[in-house]
Amino acid sequence: MERAVPEFEVMRTEALTRRFGEKVAVSKVNLSVKAGTCHAVVGPNGAGKSTLFNLICGVLKPTAGRVLVSGIETTRFPPHKIAALGVGRSFQVLSIFSNLTVLENVRIAAQSLGRTRTNLNPFSFAYSETRFIEMAHEALEVVGLADKSPLPASVLTPSDKRKLDMAIALARKPRILLLDEPTGGVSIEDIPAVIGAVKNVREKWNPTLLLIEHKMEAIKSLADFMTVMDRGAVIAEGTTGEIERNEHVQEVYLGRTA
Amino acid sequence: MAGTTAAAVLSEFARSRWLLAAFVLMSLLPLVYPSLYWLTILCYLFTMGLFALSYDLVLGRTGVLSFGHAACFGLGAYAVYWVYLAGYPFWLAVATAMLLGAVTNVAMGTALRRVKGVYFAMFTLAFAEIIYLYLEKQTSITGGTGGVFSPRPDFLQNPALIFVFIGIVVLAAVFIACFLVFSYMRKGARVRGAVGLVLLACLVGYALYSLDSSVLSQLQAPINAFTVNAYLLSALLMFLSYYLVSRLSLSPLGAIMTAIRENGERMDMVGYDTFRYKLVIMAISGLFAGLSGAMLASLASFILTPDVMSATYTLNVLLYSILGGIGTLVGPVIGAFVVEFLHFNIGNIASFIGVPSIANWWMLIIGVFYVAVVLLLPYGIVGTAMMKGRRTLDALRKAVGGGESRA
Amino acid sequence: MKFNQFETKMRERTEHEIAILLLAILASSAVLTILPISPVNAASTTKVIKIGVVTDLSTAYSYYGDMEVNGLALGLAYGLGVTNVTAAVKSTPNLVNVTGGGYTFELYVADGASDPTTTTEKAVQLITQDGVQILQGAPDSTATTALEGVAAQYHIVFFAGPGADYSITANTFNVYTFRMASNTYQDALTGGAYAVEHMGRSVAFIAPDYSWGYGEVAAWTDVISANGGRVLTTQYAPVGTTDFTPYINNILASNATVLIPAWAGAGAIQLYQQLYSLGVYNKMNVTSGVPDLATFDSYLAKYMPNYVGMMKYAFNLPNNAVNTWMIQNYITLFKAGKLPEQNAITFPLPDLFVPDSFAVGQAIVAALNTTGGNTTPANMIAALEGMSLNSPKGPMYIRPQDHQALQDMYIVKTVYDNTSMQSYYSSASQFPTGNVWAGILKTGYIGVQLIATLNGTQTAPPIYPGTAGQPRPPVQTTTTSTTPSVSTATSTATSTSTSTATSTATSTLTSVLTTVSTVVQSAGTPDYVYPLVVVVIIAVIAAIFVATRRKPK
Amino acid sequence: MVFENVLNAAINGFSYGMLLFIFASGLSIVFGLMDVLNFAHGAYFMLGAYVTWTLFSTTHNFVIALIAVLAIGVCVGAATEFTLLRPLYGRPVYQILLTLGLFFVVNQLVLFIWGPLGGYLGPEDIGVPQVINFLGADVYLYRVILAVAGVATAIALYAFLNRTNIGTKVRAGSESRELAEIFGINIKTLGTAIFGLGTGLAFFAGGLAEPWVGAVPSTGTDFLLLGFIVVIVGGMGSFSGTFLGAVLIGVVYEFSQYFLPEITFVAPLLIMVVVLLVRPSGLFGRGKS
């Protein structure tokens, strides 16, 4: 279902370009993400989707072009500053703290909201700051891991690990959430659960979602807008419906998965 | 208000009662067993234990491999020498040592923004070696290869000081007694409380009993008084630092350290300036390294050579950590105890097991030791004990009646 | 609540760690008490004197360490009038026994590895654990200096070993230090004077770039300028240099007529090899100390053809009864493989540093005869100062001012020698199996030939100002206990390392303490009172604590 | 005089660099393929020198001794990897500690077997004249020979890595272990072989160094440090990087020894520090960590 979306954009990239030597991973990508929408970035492997995410999050610095998050230029910001602007991100290759408990995984992420003075105070207790623990619980609730919070993260199932990765990104209530293949490496029967989790996040907290996905059903059920990339360049943009009717996209991308 | 602070203080003591017990036990040793030999060695063990502890903050807790730690240690040691011989008070010298250690470590840490992993290890190695080679040439301030005689503060040669320490120890003993009674009052922990009380009473009693004129009269020789006092002071500093560090690992910063070790990139992505936190940790670790260096210079060693800045000490502390168990604060300390204990007593042990000739094969022994530790104790003594021995320890606690004392 | 669980988990973890720490400490302190603290003394009928020898058994100087121990053992045996050395000298690793004349000397040999830190650690261990009453020093000068400090702190007599730095009996001298070996200044007085007289007046040096090198050059420069020579250039090369070409070129450019290489340890081979291959020997006279025969013959001889220089000792240089005795008994032990420190590279005849340590042994016995077996430093020092004795190097005189033994020194020429060895060994079968020198019996070797002997007064180094006036510890009549646990020191004598606490305050305080404790003990209170008192105290505190405790909900 | 010094410094620098290259290329290959920071390498170098010394005194033929020592080194290295290093892949700190242990063990063994004094072969012992006159300057002939030998070894190694089948496998493994395994390369066996090769190179370098620096216990440590510097400066696992790094360090080392002796031992360290600050993974490093 198409939902009514407000018009102001929370994030924009202008002619974003990144080269690795000769190879152009991302070329002149103009992306405009509207608040509260779910914007899917699709494309075959090596289309430069993850590179685009890395550029947005500041892991990589662009060769040219700029990134704006809610009007502020973040092109040269280090990752933690961009995160401080309310950009959360989950990873294609799972990135969690395997040897910590599920709760601690999320709590430590929430703790990053704490003032430096409290974070550096050697005589306070990590666990006496209850608000972070409560935030962590909320994040775990919303992705549906609350019952597993005491377990060490390493024992979780792949789908739960995906959810945990998402919860870590959600811990500090980001306004923009970048999900890099939330269903990647998840077994077929678990995929609905993960998609359900993302849906739940949208309903409960309604962050702006920027989504990389291959699974068509996931895209259909989640995304309002789609941007199709191929060899680093954007080849089509529009609402999910439009893109589905776009032949060019059909034969470039959907043709291969179908 | 007062009530809550008192409660906080009490809970602090409750947390560290084992530490207190260990401290009391060690501090009563010179009374129970007044052997200059063992006191000298244990003083050195404590120093190295603290050094290993400071290294574990960096390597074990934060996962940063640094080969320059000896620079903080050695510069701390020499800072005491310089400041104290310049005529400033001892505490100021120690403070300077800690500061210098911290500054050195931070200076190395600044490279972390760009240099990572093995390259950072090599960078720190070079950094420390340059300092070492430079200062070894400055014969006027470091004594060159021959080194200098350690600065030994006068007040440590005063026999009266020992009673200050005994006062501290008695205080600690009293606190332990309180908690033993406390646990005795708790239903189910009776046996442990009673046993503990009796043991403590016997220990303190025997200590006081053995404090007779023969021991005291021997304290009039400055060297004897110094040895006893240096031992007690080093014990105090080591246990105090251990308490602080273990406290630190419960703090938010401790949690951050662990998370950085587990997954530094993700920490960046969730909004931590990991580089800055790493610098903070380098600074703290440098503080303690400098302190241990100060202990070496003024308490534990007889002479001070620039070698204390050389890679040898870094490699030793690496061995301590691996042997004891990386990341388990106490592990490196124990590792240091074990290695240095072997190092000093290899002669005794050799003659004890009837092969006195191996006393001169230290390098071979330590080498085989390295290999054996790495291959046989992959998680170190404490690591293995904490994984395998957790069950045993619980069983033990049940056996002595503390089974359900955990919340 | 969940986070409480976590906190308790955390606490539990640290508790486990600390528990383990406690256990470990307990275990270690248990081990401490098991291990032998002090070895059992020999038969009580004979007087047991414990001597600690901290030397080098593992690094490049270990050959000197061997000489030191062997010499000391033989010297003690000679002093005790032993006739059958094989019976008198019993050696196990790190412990050598020399018995005779109512004495048993226990030599505790420790390996200081020529590292000052290790050396001091071993010395303190020997003093505090084994309770040695006399200390002997190391081949390395820095280590020897460190040992001086230890001796002063623990108040025991110390004999410096091969470590020849002049400062040991000068800048860093203290009254506990004695030295029978010749020091670098005596070397300089011997070699420098000869060089200026017979080789040329313009001199160049090459020396390692650290304190030992500076000391050497300073001493030789003094002597040379005193004898009317002048130093044209001094080349300092960093320790570990393997390529001396630039320095050699500079020296050649300076047109000096005499080159004096002052180099010891690593790099010496490369230095002499390059002097040789760059033809320096044809262009100028090269002289300096001739090293020990073993090193010389196995490494340096081929690069030092018919070399003339000073030498501390070689078995064929002095000619006196003591030397003969030493050689004979050394050979006896060598053939039996019974030398205290004997291995494959041990030279079949007493080498460079054997006579010095031999003299130490003689001096110790002589001093003990004077003091009646009393080893307190006061008596020993009084007995040793001004002592003269006949050493293998001829008459020796221990100067009271700086405790340096004056002695003969030698100027030698290196020669090919295939006769003198046969006069001591009839066939190679007399060598212990595996000894690398078995071959030289028929092939011969590069030895030395005496050119001149300078007596003790000719080679007497200047007395360093301030060494003479140092206060001696007062002489005692009663022998002191030598329990390993504590060193009973009565005076706060001079210490090179620290300023000791003022004796008055100490003594008064201690007197107070002792009186207190004696009062407590003489009150006739039975021993078990103390534990009881403690229990009562603890109980009272506990009662108060429990009474004021809030009810746990 | 100045000309002579410059000439000698240049020749020594280059040949010392070649020596360092032979030594460090072993380190570099091993690290590239297996990410093992081999602290035992220096000890193997020293051991090589001693073994060559002994072999020569028995065979009286330097070339044979060198070949033999290379073979021995390969066996020793392969044995080490197979028995000790296998269980420790992916745990760098432990590998460091293990190889350190080996370092100490080998040092002590050398002390046992050959004693502390060390052994030295003069070039004339192996039939090479000490000095030859070249443009009026005294030049150490052996060092020229050493330089030539070093270049030859470099070429041989290059050919081995780029022309042979196993060489390509090695390079593939250095790029990515996982990929190599996917393509059916038995990375374990390859590791054993390569560690053997690396150690063999260390032994070989030790043998070549014998008539120059001699066999003394301290050489192990000195060369280990220099070798690490070379490898780091060049970039771990990069062949050309190692070669250039070796020449650079060698030349700097010798020139400072000739013209600025105070900084002889500090200069290489300074270079490493600067290089790391400017290029965090070495001059030719691929930034793999």
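To keep things simple, chains are lettered A, B, C and D as they appear, and every chain counts its residues starting from 1.
Rule of thumb we're sticking to: contacts are C-beta pairs under 8 Å (C-beta built on N, C-alpha and C of every residue); 3 or more make two chains touch, one makes a residue touch a chain.
Remember, it's a predicted structure, so these values are computed and weren't measured experimentally.
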{"item": "Centre-most chain [mean C-alpha coordinates]", "value": "B"}
{"item": "Chain-chain pair with the highest tally of contacting C-beta pairs", "value": "B-C"}
{"item": "Most widely separated chain from chain A, with each centre as the mean of CA atoms", "value": "C"}
{"item": "Averaged-CA centre spacing for the pair chain D and chain A, given as whole angstrom", "value": "48"}
{"item": "Inter-centroid spacing, chain D versus chain C (mean Cα positions, whole Å)", "value": "38"}
{"item": "Centroid spacing, where centroids are CA-atom means, of chain B and chain C in whole angstrom", "value": "33"}
{"item": "Euclidean distance of C-alpha centroids - chain A vs chain C, Å", "value": "72"}
{"item": "Junction residues of chain D, two or more chains touched", "value": "111, 262, 265"}
{"item": "Contacts with 2+ other chains: residues of chain C", "value": "4-5, 7, 10, 58"}
{"item": "Chain A: positions in contact with at least two other chains", "value": "104, 125"}
{"item": "For the chain B and chain C complex, residues of the former touching the latter", "value": "15-16, 18-19, 21-22, 25-26, 29, 33-38, 40, 139, 144-147, 149-152, 154, 157-160, 173-174, 177-178, 180-182, 185, 197, 200-202, 204-206, 208-209, 211-213, 216-225, 242, 246, 249-250, 301-303, 305, 307, 328-331, 333-334, 337-338, 341, 344-345, 347-349, 351-352, 356-357, 359-360, 363, 381-382, 385-386, 390, 393, 406-407"}
{"item": "Chain A partner contacts - residues on chain B that touch it in the complex", "value": "244, 247-248, 250-256, 258-259, 262-263, 265-274, 280, 284"}
{"item": "List of chain A residues in touch with chain B within their complex", "value": "57, 59, 78-80, 83-84, 88-89, 91, 95-100, 104, 107-109, 111-114, 118-126, 129, 168-169, 171-172"}
{"item": "Chain B-touching residues of chain C, taken from the complex the two chains share", "value": "4-5, 7-8, 10-22, 24-26, 28-29, 31-33, 35-37, 39, 57-58, 92-95, 110-111, 115-117, 120-121, 124-125, 128-129, 141-142, 145-146, 149-150, 153-155, 210-211, 484-490, 492, 496-501, 505-507, 509-510, 513-514, 517-518, 521, 527, 530-535, 538, 541-542, 545-546, 549"}
{"item": "Contact footprint of chain D on chain C as seen in their complex", "value": "58-63, 209, 236-238, 240-243, 245-246, 249, 253, 266, 269-270, 273, 276-278, 295, 298-299, 302-303, 343-345"}
